[in-house]
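Dropping the structure in here first, questions after.
Letters A, B, C and D mark the chains as written, and numbering starts fresh at 1 in each.
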């Protein structure tokens, strides 16, 4: 009995180890940044606000990957909701903007649910469905807003981003949905179903998990978060931008952050804190290189190397952990 | 007939997978308070029937009644609500979730499960452990406990004892008997006919997707079952297991000296000689898994050494073992098969592994064809091995090495989940391998096999070889004692 | 907001500095694009040639306004005296530009304009780019025929401006029809492939206007073995070579110099030195074809440079560096 | 229970026939939209643009069959072509060899990291892509400075015609594509690629040196991408840093439309070829149709989705799964 308790504690520790390592790496980066270029509230605000949209996308990707899927359209969804909200919010009052934001969030959830439904019903792999829907959403974004433009109310921007060098509002804006979704994932049967689905689809079905519902739920949560990402982009830039390239970059970054944050791409494993911290770390790497005066062209290469190394070392640690 | 309301009744249930007919027409009835055996050769359709009864699959045609009322389950959860609770052939606990989460998933009370485990005289694991980290037999028992916690009217057990050591199997029987006493029914699938004699009231035999015989076990007997299962095909006679000589005479093929893995396995020494089938018996977790992994090159030794025909194995990669002629047939088919590939590719894998260049098609066709014929592999679903029945999958796993060639065959619980007919085929196969001058090291959880197939037997306990005895002298009682550590090596001699 | 914290080495000391001590920041959001890399080199070259700059800090990564705002804020934190920014959006950077201005930093938007009144703008006149090319094409076709418009990235401001200028020019020629309009995404190989598709279709094509994806389009004629039609492109090195040396091909290069970065730097340094500079400096593109500007074509072809090298390497009278300094791509202290 | 004889070749896959049908339908639709499409010139054009995609997608197929993926193919193609272009002065043969060597090195690094150090393939190749972007950007200003014009031979190979509708690059493809098909079906290595994707552990226990096979796969993939990059560069005449960027997503899409499982273990190159042809014809159709960019993207996405769905439907009908 004693032994099994110890084994269990060990395995718990291992499960949290990745999140811990991510946190540690992040703190290290913060220290280096503070040393080489300062890390005052202005910097923190820059970090939190400019990664807010990406943070939401990463949470979205995280939930979907935990559920055994992958979504290559998160960036395109963000672009779509960015354009949609910027177009609708232009010249409107704060109140109307809030209503539009609520509507967009709902629409995002519906869009996500639809994606999930298509995947579950068609049997076409996630990666190809979302590759295709990514094109569709980018096309729709161009349709909604053919050129960069649109706008939003100043109060809406302040609400999301804070004023002055405040950085609490965006932090809270990320943490609240993050915590709610974390609660849903970890403490409700719907969330458990998502983990089960990602862990082993067949076994989940045998255990009586309603696979369709779990999949649709995961994608609906993802869609909702992508809409939040779009709204954050609108608030941050004060308008919309239909160009698809930004969306694709964001998608790939979200996948990288999810893996760096300890979610297994095979599904069923991982939490939400790690990926968010990973997004911030990915932000800090170029910032530090800028401060250190590294040629930015090398910067891109260094970033690639760092990502690979982190996953490599993490993988080695994980493997060693499993052996003992 | 029909005076009492049946717990379960099927009429003309049929199911096909594309061109493969799994069930033609099955009529089955299970009475309340009865333990009913469902028997049949590999691929007869037992698992398919279980899946239909528990809502995993929908039948193509036919009717199902539970407690007298017609049902059409949409999902396993639906079946569970109607009192039909399965324990499937493959583990159904989610590996990444903790035990507690797994229980929450099916709405099972953790306290209830703890209670069931205690009833079965098992030490419950920490429920915060991810299921994937628990040993397989314990997982199966958890699966069972979870099913019991739902207080099923009909408990469906698909080959649950196949992966269990005999002491665990005993506990399952106790559970089945208690269920019967409480008025519930059990549908029990097994390939071990002794178990049928031991616990079952009635038995239904399937052959080629039909029910061919239902009888009261006490009135039947093993012969009747076997005859029904196999139809016209007779069980091949097993050539008598080797010499009665206690000491083998052939060349030393495999020599193991003071082998340890730094963990459970300690100072194991023995030798396997040409022309010999050497049995290994042990209770669950006595180091036999580690021993086989080490010998197969899948795990590195911490101490001691392994030599094949006098050449030392470094044990860096299974390839090295294969090159030296040591081949492993793992117990878990998930570790042996390429589920999406054809029977042919699965069988020819060792050949492909040897040469990256063009395949010698004629040679391959000849070798593969011969093995398919020799093992009588049912190739109706040959394009994808995952569609074969469990037993046929096992044959593919062994057949691979007949194609590839070897000197020493390591068999880990080879006959788990295999029907009587096939078992006898395999026994004969192992004997003929030995007669060719090669060697077999086999671990078995079915002690009855030892005197039937082996020349000698090693008993493992606590990571060491606790004893060695000539198979001819080994009866189950003796082996069990040894395996429990009651007998020291010196006493056996 | 955000102007209340002072950063070390910030603009507080900026205005009255002596020679060779300005720090210049550069922000660009398209990596691996030859034109943009050359633009950054021209900033470095001009900084070096001016002798007034001690360091050039470059923020360069793929992204949109979101990434660029973050980069600009990073540069502000680094205490630069001036920022040369190739804006990813005309409006979205305004708040951060204002923050920079509040700290006394000179911001120059190069290549494309921004609407913030605090920023200086040094840009190629993109509407004129479209118009001049369109006029050349129409004249070459003698006022009639089918033309194809090969645009850049859908939604990009420069693309819209050029489209505007181009259609404006052609509206004066009723007999010229725009039969196809495609977006190349400013991707040379994709543009070449699209040209293959279009030239193969049954629509007759008499001329092609491109938003700078030019030499692969010219190559498509050769690949298909079709007679060349006139093509308008930009001052890309290889395209200039084609105009000069491909038999039977007529084309015009409309300049869109990457040296705009150097121009922006010169303007920024003037402003830092306290000179009065106009808020907007627009470079009007030049049209080079073999008939009228053979000398320019000859002088601005660099056989040893890559195909996409923007051939107009200096912009007189603004830039002061030598072509060699640009080619070296080294800033002060590197 | 009669033992059926093991067959040499798998049954002709019905889902492949469906792909052929879809391709035919697309070609006909194109013909209706534009008469010019049903001509020898257009056939040649289709082949010309499909070949590089089919080569890159071939490499992608190999990676996907082992359960991996290579997101660095586009940058690999670009890097190889760039090096070939810059080194044209060294002589054609040497320039091409140098370009291929770039592919070899990239493949080795990817392969070793993924197979030996077990870095997640997606992350590794994404990282490699970033690394290559950085190195090429710096290189174009420093160690890879120079004219990026392709040697004449490469131009001919990438865009020239042998006779009638047959471009030179088809020859390259027939050679490499044939090798791929043969290699996957009829060689030990091919079998092992499927084996690894199907069940890594089982392959290992059966004595397969999984890591070497994986390294071979990533090297082959990078080499194929390098060849494709050189052909693309040859077709355009000169090379730039974004040369093959637009080939990344289509390379994955072609493989998946062609029935290769993203999880590994099943699929093949024949399907990928059809997938690549379908995508190119679709692309041509959208180029020729004078529709808005927005509509174009929506159409493209929808068609890819429908194709994948049709494929899955037909392959399921064959096996009778639910």
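Criterion: a contact is a pair of C-beta atoms (placed from the backbone, for glycine too) under 8 Å apart; a residue touches a chain by one contact, two chains touch by 3 or more.
As the structure is a computational prediction, the values presented were derived from the model and not from experiment.
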More contacting C-beta pairs: C-D or A-B? The answer is C-D
Greatest Cα-centre separation from subunit C belongs to chain B
So, in whole Å, the Cα centroid of subunit C is separated from that of subunit D by 34
Separation of the C-alpha centres, subunit A versus subunit B, in whole Å, is 44
Taking each chain's mean CA coordinate, subunit B and subunit C are separated, in whole Å, by 71
Averaging C-alpha coordinates per chain, one finds the centres of subunit A and subunit D separated by a number of Å equal to 30
Multi-chain contacts in subunit D, i.e. residues touching at least two other chains, fall at 133-134, 137, 141, 261, 293-294
Residue ranges of subunit B touching at least 2 other chains are none
Among all residues of subunit A, those touching at least two other chains are 142, 146, 295, 297, 299-300
Listing every touching pair of chains gives A-B, A-C, A-D, B-D, C-D
Listed in rising order, the residues of subunit A that touch subunit C in the complex are 37-38, 40-43, 45-47, 50-51, 53, 142, 145-149, 163-165, 233, 236-239, 241-243, 245-246, 249, 283, 286-287, 290-291, 293, 295-297, 299-300
Listed in rising order, the residues of subunit C that touch subunit A in the complex are 1-2, 4-5, 7-8, 31, 37, 55, 57-67, 69-71, 73-78, 88-92, 94-95, 153-157, 160
Subunit A residues touching subunit D in their complex are 118, 122-125, 127-129, 131-136, 138-140, 142-143, 146, 244, 252, 255-256, 259-260, 265, 295, 297-305, 307-308, 311-312, 315-316, 319
In the complex, subunit D touches subunit C at residues 34-37, 39, 41-42, 45, 48-49, 85-86, 133-134, 136-137, 140-142, 145-149, 159-161, 232, 235-246, 283-284, 287-288, 290, 293-294
Counting only contacts in the complex, subunit B reaches subunit A at residues 56, 75-77, 80, 88, 90-97, 101-102, 104-107, 123, 125-126, 128-130, 133
